[in-house]
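Working notes, structure below.
Chain IDs A, B, C, D and E follow the sequence of writing; residue 1 opens each chain.
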Amino acid sequence: ETPTDTLVIAKNIDDIITLDPAEAYELTGIEVVTNMYDRIMRFEPTDINKLVPGVAESYAASDDGKTITFKIRKGMTFASGNPVTAADAAYSLQRVVKLDKTPAFLITQLGWSKDNVDQMVTAPDADTLKITITEDFSPSLVLSLMSSVVASVVDMQTVKAHEVDGDMGYAWLKSNSAGSGAYTLKAWKANDSVVLEANPSYRGGLPAMKRVVIKHVPEPAAQRLQIEKGDIDIARDLTGDQVAGIAGNKDIVVNTIPQATLYYVGLNLKFKPFQDVRVRQAMHYLVDYDGMVNSFLKGSMKVHQSFWPSGFWASLDENMYTFDPAKAKALLAEAGYPDGFAVELDAQNSSPGANIAQSIQSTMAQGGIKVTIIPAEQKTLLTKYRARQHQMLLVYWGPDYMDPHTNADSFARNPDNSDSPKSKPLAWRNSWDIPEITKMTDAAVRERDTAKREQMYKDLQKKVMEEGPFIIMFQDTKQVAERANVKNFVMGPSADVVYFNLTTK
Amino acid sequence: MTGSLRQWLASDQPASRRQAVLGNLARGAKAIITNPAALTGLLIVIALLIVALFAPLIAGRISPIAQDLAARLAPPSSAHWFGTDELGRDIYARTVHGARVTLTIVMLVAVFVAPIGLAVGTAAGYLGGWVDALLMRITDIFLAFPRLVLALAFAAALGPGIENAVIAISLTAWPPYARIARAETVTIARSDFIAAVVLQGAASARILFRHIVPLCLSSVIVRLTLDMAGIILTAAGLGFLGLGAQPPTAEWGAMVSSGRDVILDQWWVATIPGLAIFIVSLGFNLLGDGLRDVLDPKNA
Amino acid sequence: MAGGTEMKGLAAGRPAFAVVRRFAAFLGSLLLTFLGLTAVTFGIGRFIPVDPVLAVVGDHATRAVYDKTYLAMGLDRPVPVQYLIYLRKLVSGDFGQSVMTSRPVLSDLMQFFPATFELATIATLIGVIIGVPAGVTAGALKGRWPDHLVRIVGLFGYSMPVFWLGLVGLFVFYGKLGWVSGPGRLDVAYDDIVTSRTGIILVDSLIEGEWAVFRNAIAHLILPAGILGYFSLAYIARMTRSFMIEQLSQEYVVAARVKGRSFWGAVWHHAFPNIMVALITVIGLSYASLLEGAVLTETVFAWPGLGLYITHSLFNADMNAVLGGTLMVGAVFIGVNLLCDLLYKIFDPRLRTQ
Amino acid sequence: MSEPPLIEVEDLNVSFPGRGGLTRAVRGASFSLGRERLGIVGESGSGKSTTGWALLGLVPRPGIVTARRMSLSGTDLLSLGESDWQSLRGRRMSMVMQDPKYSLNPVLRVGRQIQETYRLHHRSSAAEARRHALAMLEAVRIRDADQVFHLYPHQLSGGMGQRVMIAMMLIAEPDLLIADEPTSALDVTVQNQVLRILDDLVTVRGMGLIFISHNLTIVSSFCDRVLVMYGGRIVEECKADELDRAKHPYTRALIRAAPSLASYQPELSVVVRDPEWLA
Amino acid sequence: MIEVSNLAVTFRNGGRPVHAVRGVSFSVAEGETFGIVGESGSGKSTVLKAVAGLCATAGPSLTINGAAMGAKRSKAERRLMQFVFQDPYGSLHPRQTVDDMLREPLLIHGVTGVDAKVAEALADVGLEPQHRFRFPHQLSGGQRQRMAIARALILRPRILLLDEPTSALDVSIQAEILNLLSRLRRGYQLTSILVSHDLAVVAHLCSRIAIMQQGLLVEMLDVESLRRGQAKEAYTLELIAASRGYARAGQVTGSLLPAGKGSDMAGLARAVAVESRPGPSQGSGRD
C-alpha cells in the first residue's frame, strides 16, 4: 500500500536526460517539468482544452501582430520564496535562446537569436513582459508557443546563484528545480525514480499529494502486478491486453486518453516504386487499420489518417482509406506493378511497433508486396531515418506544441530537398519534393483569419493524405490504470498537460 | 543379415580401416543407447532434427505466419493445439517451425565457436611464449568484456537478424573455449605421445592439427552441447532486445519475449516456446553428459 | 593469467628482483587489458548505427543545434584523437559525462553498481549455499535419484528464460502469494529513510539500525536474487558434481575410508577440500558474470543496476557511459580473478610454494 | 594356541558387472592368516588388490562380493553393517597403498591426516592425538617429526610419503595390515627402509601383514608365506623360502622370467599361459 | 657413435632453477647398449631427452656420428634416433589406432609402401594383424609397449633410446619385452641407451653401465664388474645389495657385498638421513 499523501506512478522513465526546461524534450522530462514550472501561457488542469494565461495574467497583441505584451500575475513566488517577476520570465526565454538546446527552435523560429533576443524579449517593468517577433506568424501560434515547455519561468536569482562559467545554471538545473510550479524536485535517480515534493507557495494552493514518486518500471507486466497489489497508484504503460486482463478488478479504474502522437509509415521516394503516387495510395489500401485497432491495438490506438490529430483545432477527422486489397492491386497494376515488389520496412523492435509492422507485412503480402521487416532500437531507427536511408519506416511523431503548424511544418513542408538541408522535416526524410505544398504551408502560418487558416490546414491535410509519402494510421490513446481511490489525476493529450496537483486519494 | 552386420561391426579384430572406424562408431552408439539419460537426450535431439527437417509436414497445413486477428490469444484447443499468439498465429505451427531457427542458431554458433576457441587455445598452449601471452591477453579482454554489451554492440553494429545474432553470440562465447583448449593443450603438449611425434620429425602445424586438436575437440564438443541451452537463451535474450530473428520468423526466444506482455492472462503464449527451449536444452545436456562418458577414454 | 613467461637473464634468479618483475608484468598485463577494453569499446562506439548526437538533441532538433552539439561532443576529430583524449582524461580520473543521465559517469557507476553488487552477491550466496551441497550430493551419488533430481532441477534453471521465470515468479510469489515485495529495491514508504553511504541498502540500513527498511529491502531482493541465484545454482551444482565425480575416483578418498572415515566423511572432509580451487574458479566466474549486471532480470524487476545502465547507454550511443561501464566490469572481472588467485593459494597448498 | 587365526577366508568371489558382462576378479579364493607376513604375488589384473579390498569391505561399486566365510579374529565380516565396518577399518585392519603421491590427500597437512585416523577411533583431545601422531612418525623413523608434521604431501619425497602413509594407517594399531605394492613406486634404496619398518611391526607388535606385490624377489625374501594368484584364483600357496621349489607351472615360469643380476641368460623364459590354470 | 660431453640441463620450476643434469660425459660405441641407472630424480630421463633433442641443453655437448647436434633438428636428424618411453599408457595417442600411429612417421617422411611397412613392423614386434586397428585402451600394457617399439623402429633408426621400457610392466610381460629388445637390437644393429632403476634389467641388456645420482654420473662399470659387485661407490653397492632382495634383521646379506666396503645398514642410515630432511621434494617428472 502506498502512503496516503504520496502519489506513486509506475512508468518507463528511461527517456529522461535532463529536467532543465530549456533542454527537456522527452516525454517524461516534459511531464516532470510541467509540474515544477509555471509557464507564461498554459492549459490549466481544471480545463486542459483552453489556452489561458499562466504566469501572465493577461496579454495583448499589437495591431501588426508582431509584439505581444504580457502582464505578470501579482503576488506569486517561486518555491525559493523569491517573487515571480517579468524579469524572470524574460530571463527564462532569453536563457532558452542563448543556451540553444534542442527545444530552442520552438521560439527561435519566431526570429529570435542569441544576438537579438535581449532586444526582442524585454521586461520594461516588474509586471510587464514584452516580446517582439520578426517572422510572419499568426499571434495564436505565438501564444501557443508561449505555452510550450521552453516558456517555463525559472527563478532567475536561484539559477544565477548556481551559474558556473556563465552557463546560466545549465549544469545545475539539469537535475534541480527552480520554479513556481506545484512541485519541486526532490531527487532524480536515472533509471530509478523521480521524486517530487509539493510546493506550499504554489499559486494553485498546496497539492493534496505531498509527494509524487515516479518509479521506473520498464516491464509493463510488472506494472500490472504492482497496481493490482496496490503498491502503486497509477500504472502508465499497460498494454491493451493487460488492460483487458484487469477489466474485472473493481479496485482499478482505467482511463483512456487520446494523445497527439501519430503512428505512420514513411515511404521514401528514393525507392523507385514509391515515386508513383498510385503506388503510395495502393500502399494505404494494404493496411488493416480496423483489424489492428480492434485487436492488439484495442484501447491503445484509434484510426486516424491525417497529419493533425483529432480533438485539436483544425484537425481533419475523415479517413480516406480502408483495408482494400482489390483496390490496391488495381492501383498497383495501373502503376506498372501488377506483381508488386519487395521492400524493406524498418520498425521499432518493441510493441506496438513490432506487431504493427508484422500486421502490415502480412496484409501487404495480399497486394503482392513482399515486406521484409528490419527491427531496430528507436535511436537506430531515427538515425537511419534522418539519413534518408530507409525504404519504408514505421515510426511515430508527436507535435511540439498545440498548433497545426508544428505538424504541417514537418509533414507538408520541404523547402530544400538537397542532401544537406538546413532542417530535415519528415517530407525531406522521405524525399518528397513539394514546392507547391510548401508554399501552401507557408501561407497558412501567416494567415491571421482563424477560420480561413483552419480551412487551409484541412486542405493541406487532405492533400498529404491523398498524395503524401506517409501512411498515417493511428492516433495514440493512452490507457492509464489508476487505483479506484485516485481522483483527478489530470492527463491531457500531451506531456505538457499532465498535472499531479489536483490528484487526491 | 543384421546379425552378421552386427558381428562385423562388433568384431574386435577388424580387417580394414573402414571396419575399424565403423565398429568404433557402433560401439559409441551402443554406449549411448544403453545409457538411459543419454538415450533420452539423443531421442530429444533426433526429434528436434526431425521436427526441424519436416516442419512443414509436422505443422500440417497451418502456416506459422498466417495471422488471424479475430482469433488472437486463443487458449489451446483442438483447432489450435497450443493456442494462438497476439497476432492470432498458431503457436503449434510456430513452435514446430521455430525448431528450424533454433537449430540453425545452435549449429551456426557451434560452427563459429569451436574453431575459434580451438585455434586460439591450442595455438597458445602449444606454441607458448609470446604467442601464448598475446592470444591469452586477447582472450582475457574478451572475457572481461560485459558479454551482453559485446553481443549487443555487434548485433547492433551488424544489424538485427539471426546470422548476426549468431556472430555476436559466437564472438562472446569463444573465450572460455579457448581457455579450455589451452589448458588441455598444455598438458597434452607435455605428454610422451606428442614427444614421440616430435621425434619423428613432424612439423608444428601437423602436431597441432592432427594430434592436439582432435584431443581437445572432444571436450570442446562436450562443452558445446552443454552450452546449447545457454546459446539458445542468449539468442532469446538478444531477441528480447530486438536483435534476434526478424519477424515474423518463428524463433522460440522471440516467441517467449513477445508473449511476456500477456504472460499473466494468456500463459501459453510465452510458456510453450519456453518449454520447447527447456526440452531441447535438456536434450542437449543429457546427450552432452552421455557423450562425455563415451568420449572419455577412461570409460571406454 | 600469470603465465610466467620464461626469461633467461641474470636477474631471473634473484628473488627480490623476481617479485618486482612479476609485479611489473602483472601491472603491465592489467594495463594492457584495460587498454584493450577501452579500445574495443571505442571501436564499438564507431560501429553501432546510432547517432550519438541524436541521443542528445532528439529527433526534432534543428540543424544548427545538431551541428553545435556535434562539435561540442568532439565528434569532428579523428577517432584515434578522440580515443587519446578520452584516455588522457581517464588518467586524471575523469570518466566524462553521461549523456543519458547528465551526470559524471563515475557517479552513475557509484549509483548503479551497488544495486548490482547487492543483487549479485545475494544471488551468488544462494547459488553457493544450495548449489555446492547439491552438486556434492549428486556427484557422490552419481547415477542415483538424488543425482537425477539435482540435474533435472539444475537443467530447468539452466534452460528457462530469465524473463519467463522472473515474471512467473513475480506473479506467483508477489501477485498471488504475497510472500515477497514487487519490483524495485524498496517500497515508496521506505525511500529516503536511510542515507546512502555504500549504496547497498542492506548495509546502509544496518548501519543506521533501520530494521524496517532492511526487512523491506530483503523482501524486494529475495525474488530477483533467488532467480539469479537459481541460475548460478544450476551452474555451480553441475560443475561441483563433475569435480566431485573426478575427485571421488582418487585413491586418497579410498585411503580415507580405509582409515575408518564414513563415506560422507570422506566426501566432505577429503574430496571436498580438493575441489575447492576448481570450485572457486567456477563461483568466481559466475559471480563476475552476475556483477556485469543481468539486463533481463533488471528489466523485469525494475532493478536500477549496471546491466540496465550499460545497455541503455549503448542503445543511446552514450559512449562515455558505455566505456565507463565496461571498465568497471573489466575491473570487477580482474578483481574477482585476483581474489580467486588469492583463494587458490589458501585452499591449495601446492600453489603456495612459488 | 587356541586363538583363532586373524583372517579366515573361504571361497571368496568378487565380480564386477560391466559393459562386456561380468568380470570375475576373484574366484573362489580361500586362505587364512595368523600373525605373520603373507605375500600375494601374481601378474597385473590377477585379483590381488581386489582380494585386499574385499577384506576391507571396500570393493568399489558395482562390485559383488560373496564368500562362504570371511572373518577377522572370529568376527564374521560378511554380516557387518556400514557403521561396524567403519569402526573396524583403520582400527582393526588397515591398508597401505602403492603410491603415496595419490593416496595422501594433497590439500591437508600430513600431521592432520595422521591424527585423523587416531581421532576416528579414540576419543581424544587434539593434543593427545598430536602426541600419538608424532610418536608414530618417529616410529616409522622420520626424524624432525615436528617439522614433517606440518608439511603437505607434495613436500615429501616418495619414501617419506610412504612412511607417512604407514604411520597414518598404523596409528590406531590395527591387527592386520594389507600392504598393496607399498614399495613399487620407490627407489630400491628406500624400498628397503620401508620393508624394514613393516618387518618390525610384524615381529615387534605381532601384527598380521598381507603383502601384495608382483616382485618375486622381494616377496620371497621378505614374507613367511606366499600365495600366487592367477586370473582370480589362488594357484599356489607355499612357504616363501620354498618358492624356488614351487609346483605350479605358472609360479615356476614367473620365477624364471625375472632377469637376474647374478647370472646371465641370453633368453629370458616367457610365461606360456595355459587355459587349464583357470579351470 | 654417440658422444656426450659435459652435458648440463637446467629446468625452471616456477622461477626456481632445477639442475637436473650437471655435467655428464660418456660415449656409446656403434652397436653398443649403454645402461644408465640411478635413483628417482637423478636425471636419467633427462639425459636421454637431451640426447633425443627433447630439451634444451646448456651449450653444445652432443655429437652423433661425429656431427654436433643442437636442440633444433632436421627431419633427417630426427630419423636417426627414436625413443621408447617409460609409460606405455602415456606414450600412445589415446584417439589413434595402432595403424594410425604407425603410419604417421612414414607419412611425415614420405616413405612409400606404407601398408606393407606397417604390417611388417607389427610382425617384427610380435603383434597380430588383428591388433592393427585397435586403440591403445584396447591393448594390454605389454602390447602397448610392443606397439611403442614398433613405432620407434618403423623408420629404421640407427639409435634407440629406451627410458625404463619395462618398469610399468610385471615380470612376465617384462621378460617378453626384454627378449624382443635383445632380438631387435641384434637384427637392426642398433646402438642404444637404456635407462632403468632395475639393475638386473640393465645388466641383462647392457655392456656398460653408468650410475647417476643427483644429476651427476658417479660411476661407470662394465657389466661383469656389476655382476661381481665390484663397485667403488657406496651408493652403487647399496643398489646392488637392494636388488638382491630384502635382508631380514640378523640375516646375512648375500655374498655379493665385499667385506669392509660398508654395509647395507650403513647405506640405510645415510639414506634415512637424506630422506628425512624436510623440504620440497624433487617431484618426479610424471604428474
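Going forward, a residue touches a chain if its C-beta (ideal position, glycine included) is under 8 Å from a C-beta of that chain, and two chains touch if they have at least 3 such contacts.
Only a predicted model underlies this, so the values are computations on that prediction, with no experimental measurement involved.
Contact with both chain A and chain B is made by C. In terms of the distance between Cα centroids, chain E is separated most widely from A.
Of all the chains shown, the one with its CA centroid nearest the global CA centroid is C.
Relative to chain D, the most remote chain by averaged C-alpha coordinates is A. The centroid of the Cα atoms in chain B and the matching centroid in chain E are 46 Å apart.
A straight line joining the Cα centres of chain A and chain D is 88 Å long. Centre-to-centre, using mean CA coordinates, chain A is 39 Å away from chain C. Within chain D, contacts with two or more other chains are made by residues 154. Residue positions 219, 221, 225, 376-377, 380 of chain A are each in touch with at least two other chains. For chain B, residues that reach two or more other chains under the stated contact definition are 156, 159, 241, 260, 263-264. Only residues 39-40, 141, 169-176, 178-179, 182, 197-201, 203-204, 226-227, 238-240, 242-249, 256, 264, 267-268, 271-273, 275-284 of chain E touch chain D when the two sit together in their complex.
Only residues 56, 58, 82-83, 86-91, 94-95, 97, 99, 102-109, 116-117, 120-121, 152, 154, 165, 168-169, 172 of chain D touch chain C when the two sit together in their complex.
Looking at the complex, you find that chain D touches chain E at residues 43-44, 141-144, 147-148, 151, 154-160, 186-193, 195-196, 199, 203, 214-218, 220-222, 253-254, 257-264, 266-271.
Chain C contributes residues 1, 3, 5-6, 29, 32-33, 36-37, 40-41, 44, 47-50, 148, 151-152, 155-156, 158-164, 167-168, 171, 175, 238, 289, 292-293, 295-296, 307, 310-311, 314-315, 322, 325-326, 329-330, 333-334 to its touches with chain B in the complex.
Those residues of chain C lying in contact with chain A across their complex are 48-51, 54-65, 68, 98-103, 108, 111-112, 167, 170-171, 174-175, 178, 181-185, 187-189, 191-192, 299-302, 304, 308-309, 312, 315-317.
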